[in-house]
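In the two complexes that follow, subunit A is the common piece, with subunit B as its partner first and subunit C second.
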Partner chain A sequence: MTSTRSSRRALAAGTAVVIAALLSTSACGGGDDESDGGNRPAGFNAATKGVVNTSTAKGGTLKFIGSQDFDSLDPQRMYYGFAWDFSRFYTRQLITYDNKPGAKSTSLVPDLATAKAEISSDGRTYTYRLRDGITFEDGSPITAQDIKYGIERIWAQDVISGGPTYLKQILDPKGEYKGPYKDKDPKKLGLKSIETPDAKTIIFKLPKPNGDFEQILALPSSSPLKPDRDKAAKYALKPFSSGPYKFESYSPNKGAVLVRNDKWSKSSDPIRAALPDKVTVTINSNADDVDKRLIKGDYDLDINATGMTQSGRTTALKQHKANVDNGTTSFIRYAVFPEKVKPMDNVHCRKAVIYAADKKALQTARGGPLAGGDIAANMLPKSIKGADDYDPYGALQNGGAANTAKAEEELKACGKPGGFSTVISVRNNKPAEVATAEALQECLGKVGIKADVDQIDGAQSSSITGSPSVVRKKGYGIIITGWGPDFPTGQGFSQPLVDGRFIAQSGNYNNSELNDPAINKLFDDAIAETDPVKAGEIYKQINHKVSDRADYLPFVYEKTITWRSSRLTNVYTADSYNGRYDYVSLGVAK
Partner chain B sequence: MTAPLHDTGAAGTAPTDVTADMPAHRIEGRSPGRIAWMRLKRDKVALAGGVVVVLLVLVAVFAPVIVSLLGHPPNEFHEDRIDPLFGTPTGKWGGMSSDFLFGVEPVNGRDVFSRVVHGARISLLVAFLAAFVAVLLGTFFGIVAGYFGGWIDSLISRTMDLLLAFPQLLFIIALISVVPNKLWGFTGSGVRMGVLVVVIGFFGWPYIGRIVRGQTFSLREREYVEAARGLGAGRTYILFRELLPNLVAPITVYTTLMIPTNILTEAALSFLGAGVKPPTPSWGQMLSKAVSTYDTDPTFMVIPGLAIFVTVLAFNLLGDGVRDALDPKANR
Partner chain C sequence: MAARGGPPGGAGRLRHPPGATARPSTVLAYLIRRLTAVVVMLLIVTLATFAIFFMIPKLTGTDPALLFVGKQADPAAIEGIREKMGLSDPVLVQFWKFVEGLVAGRDYANGVDVTHCPAPCFGYSFRNEQEVWPVLTSRLPVTLSLAAGACLLWVIGGVAAGVVSALKRGSVWDRSAMSVALAGVSLPIYFTGLVSLAIFSYALDLINVDYEPLTQNPGKWFESLILPWITLAFLYAAMYARLTRATMLEILGEDYIRTARAKGLGEGVVIGKHAMRSTMTPILTILGLDLGALLGGAVLTETTFNLPGLGQGAVRAISDKDLPIILGVTLIAAFFIVIANLVVDLLYAVIDPRVRLS
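Moving on to the complex of A and B:
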């Protein structure tokens, strides 16, 4: 529809397109809706078990809706999981995640590169050769220099802030490079640890080996960019595409429209299906309304994929169960005990809290077995190598009921036989967390532990619970929060939480301030290990040690209820994107 | 001061009834209070409001007893009453049964009946105490401003203008977030309640203050005040012995009308998360929780909503009745 009207489209303001999408009365949308009845929904949870509606049929408009806008469209600045998933529509990396369902999605496959890296025997040099026929949206070829320049932008944290900075820490641990905007090199390619001997070869030289290096290169922060297309902070408003789609428009907090990038060729890209002719994103801050529109059929799926609202999932499960998936997200929802706050400095007091907690009640507070997740026994999600059912506190026994006798025993061992007082900190913008805080408070009260719930501003949490000194001052003995991996390995999940060298004065995620040299050493070993299976064994050891220290009370391995419209084709959930649908593979039935 | 005829001349229809009532017996002097009470008794709507108010106060005072007889402890979880898949109560009407009179709360299954009953305590306590603070401050500053006039009056009046223009709700929300967990020997909910009382009361006093000031203005030129002054009475005596007793009527009226406003303010603040701390039950908080389940469990929204509605309506009806009965505006 739109491709025949390019002149009018050029005239129309971006917002007008978005409004059209909002009202979903565009000719395009109408036509697609009429064909809706032809497809039968595939069945409850079908997309978590395999590919739903396998198809190679092209065309149509894939319509996303969501209540939360992208944190940024700039691939070097985005950190929201759904943004990473979505970024594959318009960015490419040297390597990326396989377009396979479930656990198979976490294996890495070459994307811009012809093959996975040639790794030197000392594990410190990674060499890639680039494919032929790879181009940006203006038809110019993607060169090794463009990839290097894109990666260099991560160094300019004063301008390009917000994204993951793993590559900066791995390639330049001393912080010698100042970023492309302050680069004295005329071509702005001054970073020494990446070499580009010609346009088709790129070599990474690591100061020390890192077994997850390719995992990190697969993040969108490694996307290429031509220096003359870099608009620095403004780049996020219209990224320059290297993938199968390019931006027609984007208005923050309203939405985006992507159309085919005609310079992209399928022959150069083994991963991206690129089935729809057009991809639209509509932002609607009313989450209840988002669910209503999905159920009505106005849109295909929720881009945020954080789970349907209470009312949305009730309607969906009762009336349209076959359109619902219940995937696992790799997130763990948990309570963490800061070791520096009395009396949680005593391991027995920590154990008392763990035993006193009724895991079933906490699961119900999170939303129950479907919308909340499975009761968690330890702090490693099932999708990560090294995960097992290690359960030293019997969380999975007796249907998750509290073990009051054990709790009282531990209280005595802690020297507080009658219980103690503490404060639970919880983010006020997360209703499920507030509900778990209340449930935990109720459980603890039964063994004499008097917990006061302090609701903190969720948007400020990095300077409240993320600051060890504030935590101590406020006396938070229990912090309720959640965590998901940036990339699916033990390094990506556990290291920020339990490696003592990751304790920061603000934005701290090691809330327990656990700093055990033995655990820190194990992380070094695991990271240096290039065999993922062996590394997994080490992460398993770390996880057991952390469990034994009783610093964490895991609630659930999170699951979500997500909507999958009947017209979607090639739908499957991918562990690589924390159990979201693999967006770039989706198509729509005509 | 004790002559009923003054009132009969000035006040609308009710006074004629009063005179019509008395003929057969010997003429007797009646205090204004007695007359007001007779008028109030005649006002059926106000009386109904009054009865509800008395009942509510009794419910609040005896909340623990009522709950132990008819309900469950307000903070006790009953997950067995919750459908784990949806987090909503099992059974119709939000899980209402003879065991749970008003049903159970979604997700955790707390007894809605006992939470509403205990919520009445918080609501009424905060509303009454805040009204008390406001009346105390308002009366004092109003009477001082009205009696002394001049720069004292200007100062107090401008202060009242300032407070009336102040964005009260925003201020309280900001204040609550910085109030520490322990204060004045209270912790947790106690601190929050203390802050609510002081702040709502503090921002409420100018309303009473203005009325009292205006009344004092007109009263201070009266003969009996002149007489007291002539006999050498001190300022304090005149203020609190001569003027204050004659201000009781308007103060009573505005107090009864201020209480429902305070109840609504407390509910609004609780709704916005700036009220008492959970798990202490409060109506506003229940409403705010009910928002996320409004279409799957509407009962949970209706019940605290009704509680607020009935309470505010009862106080307003009673307040209107009291005003009609005392008719302070007709007091020349």
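Moving on to the complex of A and C:
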């Protein structure tokens, strides 16, 4: 190009046009206030305090959107929290969570069974009788044998992996049963610890008592299935419904459509409201677009419910605050210190890190008090029995500020008065975790602890931070991660983290490799306890012991910003589903 | 731009005797030779993808089987998954089985019964058990729709802008076109895509970008693709405009253009027939490469606009470590790249009489 004054002027003019175009567009993207179809939104945080828009009106289409697809639709294979919540549309269990808001949702109520279990006096035999009128989508009755067969599928981990295996560990700890696909019994009902004397009775025989057994039976992995409808690995592509809706279509990574299962009868099911005529799920690869479409009113709620994106929540909070809920999720975001990695083997060095951390800065890195959560003092979420405000390191004092004097004292006690070097491991696909790693790194630098941040492939974390030998080899003194309960008890939350018998060579979650016989014994006591309140007292003791050992630096009790369209009826958050809305109760106003 | 090179043999520089066309038998031999090379190339790509998928876990000490167990990883389950996925076989054995499946189909035992996966069998998704080939064929039309429309837009827009700029060199038109072209080259798709969504979809609410197949609803298909087409075409048109302008300027200085003008031919014939023909040769080269390699642009465009095409499928598969889908998409992409190059080489002979197939 020739370089003359006029060409330069033209170039400048062209640049100006481009910049002007950019500026004029960056102000856009809000969406108008009247996009909600005329219904008045219920108010900020309304669904975390009670039921929003109580209604029994049937009809309409309930529209979910999300950026993440189900891990599986097969109830025996799913592990994503939102999938468990959603599964109640098309699966039923012997017992399930109550359709009540908040903490009341965690109480168990009979579903396919007529009542909760009759438990023998030694706590090892659970007997259920089935309701009348319970059917699959083809109209055939759901029998005790179908429930047993469904549960047996959990044993076929070599064919249908991915789901929780608690029942396998509880009912067959020695691994004697090989699963229904290798079962020599002609009816494929070879598992000895479940008995089905007739079509209406099912008896579970536990080798040793477990106070949470019914909690675990309430997971979707206990859903019934008829053997002739089992497509093994391919079953996930079109599950056979026992609930009020059945699949019209499912296309992985694109979406699903559920329509009414006309063989299901309300009289047989006291839990599921089944208000909408249709339930749709749309998977959208652009997370920003998901939030924009919710705000615009194209969809009702985010099925993933992991919180809106930064731009989405800014718009939502500014312009549509009454459509936003800010619930607590039962997740704790935290750092854990592997005790086998020097110098974290010394309790004083661990305490030095805890005191040096500015909890306010870590909360801000997680997204602040609304999108991040409340500063956490210990490692038991508020929704679990036994939780309290035990705060041995003063995390809640001085607005969460670091206690540098105490940190330096502990460093001296550890024999490292000038500080030490360590490595922080963090998952690269979790931006908030990376931000907390950087914030922690800065805090530690102030007391002379030099921490390098190692970002690991988040999808592979189960074989990196989940492998104690890799952790030692890489010298990870601090691992940043998060944890939520599979079922809302101390066993469901704490045991995989701090019971020494749960240390595994891969897929390990006891990252500190904490193996204290006293703590392990307390778990045995709590699990054998059938009174949840008494069990809660034991979990409280465990939590205090873990806190005193300084293996964990909890950041926040997680909270999320979620969107609730004004069309939705019967909206409430449920502790049973980690603070998500109880999907099966939702309806839509026309 | 220069690094992308010209046609093989440097056509446009080397002068072959005019009118020298190849005999049919040589063309056939040439085609057979090229098609054999295509097959060999695809085999190498497959082997490389296999190797990468297995080398990386070895190097980083991670285990793909662990991605497919739940929170409680029981060792027997991990071993079962390895067995089921064939991950415990040596890489070369897996490679051989894969190629066998492509050519002859394969039988899979899914626990209850044995299913036959007909050729071309790309296997089953590790993540959701879908058969890979139907996944690819359902996603391919979306990417083809995106590519065809965008390509049409960018070739017409880019070449036209380039030609006009060359003919009116130094004018305001030339400079503003080249400035916009610079912006087009510099702005990434995920930016222009989001800006166009913000204006036309969220703010003005003019366009609904929910994709529907052409065969089901042509109107909606068109509506959903307008913004992706423009976004993708904007990036490429810019390059084409700059390339066309440069080539055209060079050709307008050639002797044969002066001769044509001296013969008294009209300016329309000189530009349209003589100059354009030579200008199109490098454009065609680039077009062949670009169309083949379009998947890169399609990944971002499809993710931004939520188009269920191959690019979006590839991103999901990579984050899911879903080897069969990754392999399928890689092979389809490689197939299109080599075929596009072959077609371009054949077209040279049609467009430029100076080129011979040999």
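Observations on the structure shown:
The rule is short, and it goes like this: the second predicted complex is superposed on the first by the 553 of 590 C-alpha atoms of A that agree within 3 Å, B and C clash if a C-alpha of one lies under 4 Å from a C-alpha of the other, contacts with A are read in each partner's own complex, and residues count from 1 in each chain.
Throughout what follows, contacts are C-beta pairs under 8 Å (C-beta built on N, C-alpha and C of every residue); 3 or more make two chains touch, one makes a residue touch a chain.
All figures in this text were calculated on a predicted structure; none of them were measured in a lab.
With both structures placed on the common chain, the touch criterion links A:Ser267 to neither subunit B nor subunit C. By the touch criterion defined above, A:Gln310 lies against subunit B but remains apart from subunit C after alignment on the C-alpha atoms of chain A. With both complexes superposed, C is the one of subunit B and subunit C in contact with more subunit A residues.
Within the superposed three-chain model, A:Val159 lies in touch with subunit C and out of touch with subunit B [touch as defined at top]. With both structures placed on the common chain, the touch criterion links A:Thr364 to subunit B but leaves subunit C unconnected. In the overlay built on the shared chain, the residue A:Asp457 is in contact with subunit B and with subunit C.
Residue contacts after overlaying the shared chain place A:Thr56 against neither subunit B nor subunit C. Contacts of A:Glu438 after superposition: subunit B is touched, whereas subunit C is not reached. Residues 457 of subunit A are contacted both by subunit B in one complex and by subunit C in the other. Of all residues in subunit C, those touching subunit A in their complex are 60-63, 66-81, 83-84, 110-112, 115, 124-125, 127-130, 170, 172, 175-176, 178-180, 182-183, 194-195, 197-199, 201-203, 205, 302-306, 308, 312-313, 315-316, 319-321.
By the touch criterion given at the top, residues 1-2, 7, 10-11, 13-15, 17-18, 22, 25-26, 28-31, 69, 72, 79, 156-166, 168-169, 175, 181, 230-234, 236-237, 252-254, 284-286, 288-289, 292, 296, 429, 457, 459-460, 462-464, 466-467, 470, 486, 496, 504-507, 509 of subunit A touch subunit C in their complex. Subunit A meets subunit B in the complex at residues 309-311, 313-314, 317, 360-361, 363-365, 367-371, 423, 428, 431, 434-435, 438-439, 441-442, 445, 452-455, 457, 474-475. Remark: subunit B residues 75-77, 79, 82-88, 106-108, 177, 181, 187-188, 273, 277-279, 292-296 touch subunit A in the complex.
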